[in-house]
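What follows is a set of structures to go through.
The following pair of complexes shares a single chain, chain A, combined with chain B in the former and chain C in the latter.
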Partner chain A sequence: MPDRLSFFIPRESRVHSLNPLTKLALAFSLIILAFFGPGLFLPVALYFFVLVPLSLLGKVGKEFLQTSFRLLLPLFAFLFVMQSLFYPGGETVIFSFWIFSATSEGVVFAFRTATRILVMVSSFLLLLLTTHPSTLMNDLSRRGVPASLSYIITSTLQIIPQMQARAVTIQDAQRSRGLDTGGNLINRIRSLLPLVGPLVFSSLVDVEERAIAIEARAFTLPVKKTSLIDIPDSRGEAVLRWVMAALSLMTIGYRIWLSLN
Partner chain B sequence: MNIEIKELVFAYPNGVLALEGVTVGIPTGSLVAIVGQNGAGKTTLVKHLNGLLRPTSGLVQIGDWDTRQRSVAELANRIGFIFQNPDDQLFCRTVKEEVQFGPRSLGFENDRIETLVEAALELTELHEKASQNPYDLSPAWRKMVALASILAMDTPIVVMDEPTTGQDAVSIERISRIVQSLHGSGKTVIAITHDIDFCAENFERMIVMRQGMVVLDGPIQEVVAEREMLASTYVEQPQITRLAKRLGFSTIVYKPDDFIRVLHDS
Partner chain C sequence: MALIELKNLTYHYPLTNSPALQDLDLEVQEGEFLAIVGANGAGKSTLCYTISGFIPHFFKGELAGSVSVAGIDPTKAGLGEFVQKVGLVFQNPFNQISGSKFTVYEEIAFGLENLGIDPAEMRERVDEIIRLTRIEDLKDRSPYALSGGQQQRVALASILVMRPQILVLDEPTSQLDPIGSQEVFQVIKDMALQGMTIIMAEHKVEWVAEFADRILALSAGQAIKLGTPREVLGSPELPEHGIGISRYTQVARKALQAGLWPEKRSMPVTLDECVQGFQEIIA
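Take a look at the complex of A and B:
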């Protein structure tokens, strides 16, 4: 039974102790740089010279590399095969067989797309590996993001493992009553109602209880709320965030300027 | 039907050792209560009886069956297991259909199902509520539906996980009557409980667990005397036993009737 739904790995590191907003800003600005920045090799450079060192600094290097390879390798293989063979307008043929021919334009396009996706996925991965989702949401709602939005996100992350545990208990309870959950398809379909019924009923009851509980804590009261949890932030990090925002804006500006000329 | 548990060791997939070599024999017709603090391994132990968990090493035998070679559905013929929370199992539209589900799954004849369901509804005092939706009943009565749904399976062994949690006095009385009636018809009843008073008044034998091991096992009157051993697993002596001790009784009592008798005699 999976006991966690988030990628978060609790460790002590410089990256973990950064303010969540700083890490979020870093993720977004890296993505903007990768997509709009100059040069074919910029995304690869960002990955190897920014993201990988940061993951090592955050003591999540192994998990970072493992997860990003596992997620992206199949995608990359697919991209390279499809784009190098079928990229429209490809003229420079590298090699060909039967009715297919690979063009260098296709390979370049595949490389560009793949490395951009690599930066996009892995910069969020770094954020998620080093930041607990509820810390992120707490910080965001403290800064003015609607509390109901952060409730929806964090409660979902918490409810799903709970429901999984519940589903296991229900399955145990019904098997103890002689319910055979294995076997052929018809048997499995027949055994679905005794399993899904209690799960749905109890979830509905839970929803009502949650609603009452958060209502009882003045969740919907339209006032500015204070935060119980103190999430550390520093002047230096704020400056860093402004620098990243400026860099992102400059990159977008550069892209617009290029397209105008 | 005898239960034999020999050198039972169980480790959860995450490596947590929940049972560290438990050996217990429970002969036919026993009334056994299992107590101990949370995490002592009580539920883990009884989940081995109907095959929900399989031994990491050691042996669990129900009659002539080795649980490793039987499916949960097969073992349901011999072990009735009442879960703590009735809402984990109720799904039918009426109480009666819910109670019929177990014996139906076991493939009993219609006549037999009818007789068993009637008897189970009678015993749990659910007769008048038979056509109601289980979810329209109070939690105490839903617990009765869960009980009835297992009793109707007519298993020689009945396991109850925390039967009295969240129940009022009237409901606990009713559960006591059910336990005695099952005992009267020769069945083995095993209950996991934190309710030491309920256990002293209704059971004959008590197994005390601590950190995956059985630390005490014997007739109730002997086990309740071991105050310090019980305290080491956060179990208190029954209220009546403590009262008797404070009053300076020379004998250990654990039932109100005995208490009154001793009080009269002195």
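Take a look at the complex of A and C:
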């Protein structure tokens, strides 16, 4: 993998060559289905029968599974412990331990929340792994999304890896001046504190300079932007997007109808 | 009419009482290379921002006097007109990366995408500028995974590809190591030789002495000297204003005290002049 400064993994695949908007629409409609669709197992099904196969088709299966597990496992463990033990109004006790008792209502709630988050995070992960950040930006602004908005979206997608890189640099500098960052957990956490100041401050100072640099490159010039990289799109994809939009609307409609009855 | 004309220019940053630039008059002809020297806070960056239109369009504040750059008057035209005529490169190379591009090649094309240049022409122009700035070997790398000097050359290329009429450089090498600085200076020198109009704030006076046509010395927002490198850098009052003098001048001053410098000869500001002086005394 080249320098890990964005999630994007440049490979040739059917998923890579989809129009960015199609992938964005897919991400949003999967999330809407997971949150508002029927059935307890729908989100898991979406994950295993839509997202995982698509990541394999996109030749990013390994990175997809790795990253989604690494991000989500700790969260899931936490959710399950908290919700199954402390879910208010749980009555059906599965097992008891000291003063705690796990209820099946709590377990179900934790499962539902966790699988929804799984779909939400991994839908975006799939988009980011297979979409060049600047194609996304150019395609959005080509469709009339204000340039500054699409810039905010794409640069935010890159900011996390950037902050990570910067954090490593600052930590290296501090370590070379004798800050002890190894050892036990408490020592490690304590050694993170001096990182916060420089990280936040240097990021703030840079905002103005970055804005100037982008302006100097004619970023807000009111002309129609062109794109170095050809952005593919087709009739078929446009139809697909409309279908996904309709499906999302129907799902939301179904949820509203349910709550009215 | 000169390409850049500043008349009686005074500028206050927002909410400040003392002016960052005061009563400044300056004319720069097409093809000229003007260097700006001055201590920290003298107003070098402020002047760079004024010439590139960021004052008053990005930094608001209070601008008095008249400004005309490549025929544009900032009170009538917006920043968009400036950025098409004046290119600005500044100190921190990292902060000049757009943050949305994956390779150096795409990074350089960013400005052209924003100008709406057609992709075929875009590629031609990017290829050309990559050659001129000697970064062929970097074109597929990530702009973040470069040394400071390489990043700064990418920043320069990204501006030059937009074909500005005037290039404004605000201490482009102050955050680079000697090798990085050398690489960047080389590109700037090439541009100057091609006849580009260049305004450059820089504290490496030895370099400036050699390549600039004229030097403007600033102190506390005021012009204290404007003239050829020899006129400005040779003048004895520079150190009072916190401006470093060329190390060749320093050597010659010591030599003069020790009776080792020809008395009628003026103080040297470049290596060549320094060598000539010593040859004369030996002869």
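Definition applied: the second predicted complex is superposed on the first by the 177 of 261 C-alpha atoms of A that agree within 3 Å, B and C clash if a C-alpha of one lies under 4 Å from a C-alpha of the other, contacts with A are read in each partner's own complex, and residues count from 1 in each chain.
Here is the rule we use: a residue touches a chain if its C-beta (ideal position, glycine included) is under 8 Å from a C-beta of that chain, and two chains touch if they have at least 3 such contacts.
Note that the structure is a prediction, hence the values are computed from the model and not measured.
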**OP:** Mind working out whether A:Val108 is in touch with chain B, chain C, both or neither, as first, second, both or neither?
**Re:** neither
Subject >> First (chain B), second (chain C), both or neither touched by A:Asp230 >> reply: second
Original post:
Looking at the overlay, what does A:Leu85 touch: chain B (first), chain C (second), both, or neither?
Top reply: neither
Original post:
So, A:Leu57: does it touch chain B (first), chain C (second), both, or neither?
Top reply: neither
Subject >> Partner touching more residues of chain A, whether chain B or chain C >> reply: C
**OP:** Pick one for A:Val44: touches chain B only (first), chain C only (second), both, or neither.
**Re:** neither
Original post:
Taking the superposition as given, does A:Met137 touch the first partner, chain B, the second, chain C, both, or neither?
Top reply: second
**OP:** Please work out whether A:Ala245 is in contact with chain B alone, chain C alone, both, or neither, and reply first, second, both or neither.
**Re:** neither
Original post:
Which chain A residues lie in the overlap of the chain B contact set and the chain C contact set?
Top reply: 3
**OP:** Quick one: which bits of chain A touch chain B in the complex? Just the residue numbers, please.
**Re:** 3, 166, 169-170, 172-180, 193-194, 197-198, 201-202, 205
Original post:
Which residues, counting only chain C, touch chain A once they are in their complex?
Top reply: 52, 54, 58, 79-80, 83-84, 87-88, 90, 92, 94-102, 105-106, 109-119, 122-123, 126, 141-142, 144-145, 155, 158-159, 162
Subject >> Complex interface listing, chain A residues touching chain C >> reply: 2-3, 5-6, 8, 10, 132-134, 137-138, 147, 151, 154-155, 158-159, 162, 165, 206, 209-230
Subject >> Interfacial residue positions of chain B with respect to chain A in the complex >> reply: 14, 47, 50, 52, 71-73, 76-77, 79-81, 83, 85, 87-91, 101-102, 105-106, 135, 149-150, 153
